[in-house]
Amino acid sequence: MMGHVPLSWFLMLSAVLFSLGVAGFIFRRNIITMFMSIELILNAVNLTFITFAYQRQQVAGHLFAFFVMVVAAAEAAVGLAIILTVFKNRGTLNIDDLDSMKN
Amino acid sequence: MQLWLIPILPLAGFLINGLFGRRFSKGLVNTFAIGSVVLAFLWVLKTLFGLGGMNAVYTEHYFTWIQSGALTVGFDFSVDRLTAVMLLVVTGVGSLIHIYAIGYMAHEGGYYRFFAFLNLFMFFMLTLVLAANYLVLFVGWEGVGLCSYLLIGFYFDKKFATDAGNKAFIVNRIGDFGFSLAMFLIFRQFGSLDFAHVFAQAPAAPVGLLTLIGVLLMFGACGKSAQIPLYVWLPDAMAGPTPVSALIHAATMVTAGVYMTARSWVIYTHAPIAMDVIAYIGIATALVAATIGLAQNDIKKVFAYSTVSQLGYMFVGVGCGAFSAGIYHLMTHAFFKALLFLGAGAVIHSLSGEQDMRKMGGLRDKIPWTFGVMACASLAIAGFPLTSGAMSKEAILLAANHHAPWIYWVGVFTAGMTAFYVFRALFMTFFGKYRGEAHPHESPPVMIVPLVILALLSLGGGFIKVPDFLRSVFPAVEAPESGALTAVAIAAGLLGIALAYLMYVYKPGLPDAVANGAKGLYTLVYNKYFVDEIYDAAVVTPLVEGSRVVLWKGVDAGLIDGAVNGIGARAKGIGQVLRLAQSGNTRSYATWVAFGSVLLIFLMAVLGGLR
Amino acid sequence: MDSFIVISLIKIFVVFGALMTILAYLQWVERKLIAHIQVRPGPYRVGPHGLLQPVADVIKLITKEDLVPPYVNKTLYLAAPFLAITLALLSIAVIPFGPKIQVAGYQTWMQLTDLNFGVLFILGVSSMGVYGIVLAGWSSNNKYALLGGLRSSAQMISYELPLSLAIAAPLLVSNTLSLRKLVDTQDGWLWNWNLFHGFQYVSFIVFVIAAFAETNRVPFDLPEAENELVAGFHTEYSSMKFASFFMAEYANMITVSCMAVLLFLGGWVAPWPAAYGSGYVPVAIFGVAGVITIWRGLNPRRSRDRFTFPPFGVVFLIAAAVFLVPLLQSALLPLFWFCAKTGAILFLFIWIRGTLPRFRYDQLMGFAWKVLFPVAMLNLLATGLVIAMSS
Amino acid sequence: MDLILFLVFAGLAVVAAINVVVQRHPISSAVSLIAVMGSLAVLYLLLGAEFIAAAQVIVYAGAIMVLFVFVIMLLNAGGETKAGRSFVASLLGVPVLFALLAMLAYSTARIYPRDPEVHFGGFRGGTAEAVGRALFTTYLLPFEITSILILIAIVGAIVLARKELE
């Protein structure tokens, strides 16, 4: 069995990527970077989907990953358009400056 | 037999003209609009010849439209002899009116829009006629209502036109409410809406229920066919262009109610009370509308009330069990009333839009063709012997006499009044001295030719013996032929003509004297018995006031707003506390989310949610 | 296992060497062709008919000063050309040039590696190709370069859609994603090619147009429109880094040409079966070419033709003879057809460059979204419908 | 072989992901993120998901990330300035993260006390054909809805991007 990879390693990798994504989301102040962190999180989730598809020998997991990708694409289109608008109106991408909800 | 082609052709015309008509020349619009209707007419002819005797109902199933629980409604068309008569009337008269409209609408704006709506109307009307179940019929029913609304409000920049459209639409909704209830009951009782199925089982159904269904159906018919109490929309509907009045509000759509009740004859023959209701409503409408018609000065209003009155006649026929007589009158009425309206349209057209008969007169020499055809139509409606109107009216009156003699006598009286006011209109328009300022001119041939064809049909159309043709569809009525009764009816008509001649040609001062002499009665009739005002006071105002005071001030502002505001106030109070957690900083929110997910995973993993 | 690695390594060296030579000489061919379109001789000084010009160019580019401007983002600036050339060469790996052959007892495919989703692989790699240009444009910290990069990213995203859709249609016809099987389904006669299958010529046209845009070739060479943007995204590059972009462009051209051949033109398959003598076509071509060249050399119009033409004639004749050796035929014939078809497409690239002017930018995007994309979409729909109906 | 592949590309993914988080300039983050996605695509291949791997490269790396890079270039807003103002984030962030990672790891370890082994070719159901078959039969409705979602996203993006400053 030499050379084979334990399944849980994939899940561990996914957990690491997920946590890094969350970290990026929490610690970064640039909206675009935060957005990319979300993509990282989604990728991590996709990895678990694929891994479970391998484990259960079912293609369904791949489809979930596929749908996640589609949603990510839609989200990127709308999200980036929002970012463009925000930048046009506020002249900043710093999330800490976008706090008009406060007060 | 490709029945679907019949309604689809006008629909195609509507789509082409409606979508692209704005860019088309008038010739192209005409080609599509008239071409589609004439083709539909030809296809009807081909279909009917192909079907031969039509002793059985021929049905075509296209697709299952609705399938929900026990309810299965197919999109089905069927043809029997009743449908055949209706198809011929609708497409035939429809074609003539379409051709006429080329000339009439030549100088109007929205040319393509007019023809697109007219084609759409034809589509829905044919769907209504061809329907093989109540729901498809209802589709056509609502569709023609929609087109009626659109075409009444054709001059949408004039307030009275849009108001009239709204009125027609709303009043029709009231009737449709009854129709819908009737359909629910039919489905509840018979488990189907197919004509064949329903009529096969109707004899076994309880009489009370059938009576209720019949009355509700009649309520729907009252709305569409302008019977008491819902007739008020039809006179106002004359705000639309005259071809519309002729096609929709005289020849075809308003007869849909008659068609529908005749179609449901099985239900009615097993519910005598419902039949009586129809007969009473019909005769009352005929009488009331005729009296109102006596005092109208707008030429189209006169014919509008005349239409209401004649529709009443048809219902008398149906209500007295003489369904075929009702349909017979429906057909002849389509000829002469369409002609009357189109003739009136020609008069109005020649006078550049003048509708008040007091500003007409003496047009006999100026527009002789129009006068000729109008005279033919007037003779027909007045029941001059051997004209189509005389024959169909006679059939109805004979049946009425058989059913209840008093209906016959009221009918005869009404016939006299009909003759009077129609000839009053004729005399005021064409005899005497011209009292207006416009310069009358004869209409173009494209308008005259359809008028002449309709005039021939008005005079001779009675020889198309519809009752004989429909003998296999409806139960026979054993009304004995009676020379005396016929003579009385004809005499009443002639008397009315004579009276009109006396008052409006021989001694023109007489009408004012009569009006002054019976001032109260005249005011009452002139103001249409104040029915609109009564409806306003009895229905509209209480509804508005009730909505204002009870629903708005009481329920909405007091109860609902109070509750909502109360909830809002509580939420605000809680929010005052919770807002301390809202820093407005996105990243701290994110931290909280992460914190929450950690907590959740902790609960799942450590506290044993996992395997 | 070991032999697999050895064979693979040999194949990699052969393909890489051949590819690099072709890249260099494609440039020479292009310059010559365009010169002839414009009625001038083109490169003529270095070697006979300028044949050594590519070598000279390579020497020049290598020895030039490797300049890194001080204001650039260094990491990305250095990574961009590397990325561009790597991604451009990567897709060659899965392209088959011929069928299975036997060399010294070893059987192997004329292909570096086969993937049963080879088409997807190429699509993926080509979709990544844009990064080289974009990053070069951005990291140069230069407004012309940035504009070139922006234009190119928008252009490549836009044209990737019709390209993918156009690729999908013949895939539906052939019902496979493997490039080898794709060729197998087009075996036999000319009309078995996907190009002549129903209305697939529409896909072919869309594919070729989109391929022009994907490779930033005239008339879609907006990212490097020299009269507007100096040199576009590679304004700040010189020496070998510039050469990398240059090679990447030509490598991409070769890749899409190969794709066109594999997808539409039957790959290495001859237009008609060998039973009807298609195997003798290269012999005939090379033979006739050799004879003509020698004859022209013996009756020269210009004095130097006496020395330059006969050697080429001899080379052609030797090539003709080689095609007659039965042992080599199995390998060389498919390769000949593949190269001939790819060459035809490449000729089309150059021809159009010599013929058409450049699009305006809004026209370019409008064309992609309003014309090419709907056409490709409808074509795919129609293809799907036809296949669904016929199966 | 599988182990080497996994270690190489998992390592690459982790390093690149760390890079995503720590890089100052968004474009560096974006490039790193592309690297993560590429490595993940290889891992997907290892797990037998060849179609998803290709889609990952084409859609994620080739389209979505190009969009990101495009926007970053378009705005050209420069790097991030250092001005942490979120009290909660700075206070809770690091502990929460470690807790998250620990929890995830713990859960994984609990679910898989005995690991199944992954080897290349162990699952062959991820071909384009298999995915397509499932997509157009069992998952047809979600697929159709997805197309509507995309349409809405397109419209939304256009509306947002067109909005003029008042």
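We call the chains A, B, C and D, going by the order they appear; numbering starts again at 1 in every chain.
In this section, contacts are C-beta pairs under 8 Å (C-beta built on N, C-alpha and C of every residue); 3 or more make two chains touch, one makes a residue touch a chain.
Quick caveat, the model's predicted, so the values are computed rather than measured.
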Contact-richer chain pair [A-D vs B-D]: A-D
Subunit B-subunit C separation of Cα centroids, rounded to whole Å: 73
Mean-CA-position distance for subunit D and subunit A (Å): 5
CA centroid of subunit A to CA centroid of subunit B, Å: 63
Numbers and ranges of subunit D residues touching at least 2 other chains: 51, 63, 67, 74, 85-86, 89, 93, 96-97, 100, 104, 111
Sites on subunit B at which at least two other chains make contact: 583, 585, 587, 590-591, 594
For subunit C, residues contacting two or more additional chains: none
Chains touching one another, given as label pairs in label order: A-B, A-D, B-D, C-D
In the complex, subunit D residues that touch subunit C: 25, 27-28, 31, 34, 38, 41, 50-51, 54, 57-58, 61-63, 66-67, 69-70, 73-74, 76, 127-128
Residue numbers on subunit B that touch subunit A, as the complex places them: 582-587, 590-591, 594
Footprint of subunit D on subunit C - complex, ascending: 73, 75-76, 79, 116-117, 120-121, 123-125, 127-128, 130-131, 134-135, 137-138, 146, 149-150, 153-154, 156-157, 160, 164, 177
Residues of subunit B that touch subunit D when the two form their complex: 583, 585, 587-588, 590-592, 594-595, 597-598, 601-602, 604-606, 610-611
Subunit D to subunit A touching residues, read off their complex: 1-4, 6, 10, 13-14, 17-18, 20-21, 26, 29-30, 33, 36-37, 40, 43-44, 46-49, 51-52, 55-56, 59-60, 63-65, 67-68, 71-72, 74-75, 77, 80-81, 83-86, 89, 93, 96-97, 100-101, 104-105, 108-109, 111-112, 115-119, 122-123, 125-126, 130-131, 134-135, 138-139, 142, 146, 149-150, 152-154, 156-158, 160-161, 163, 165
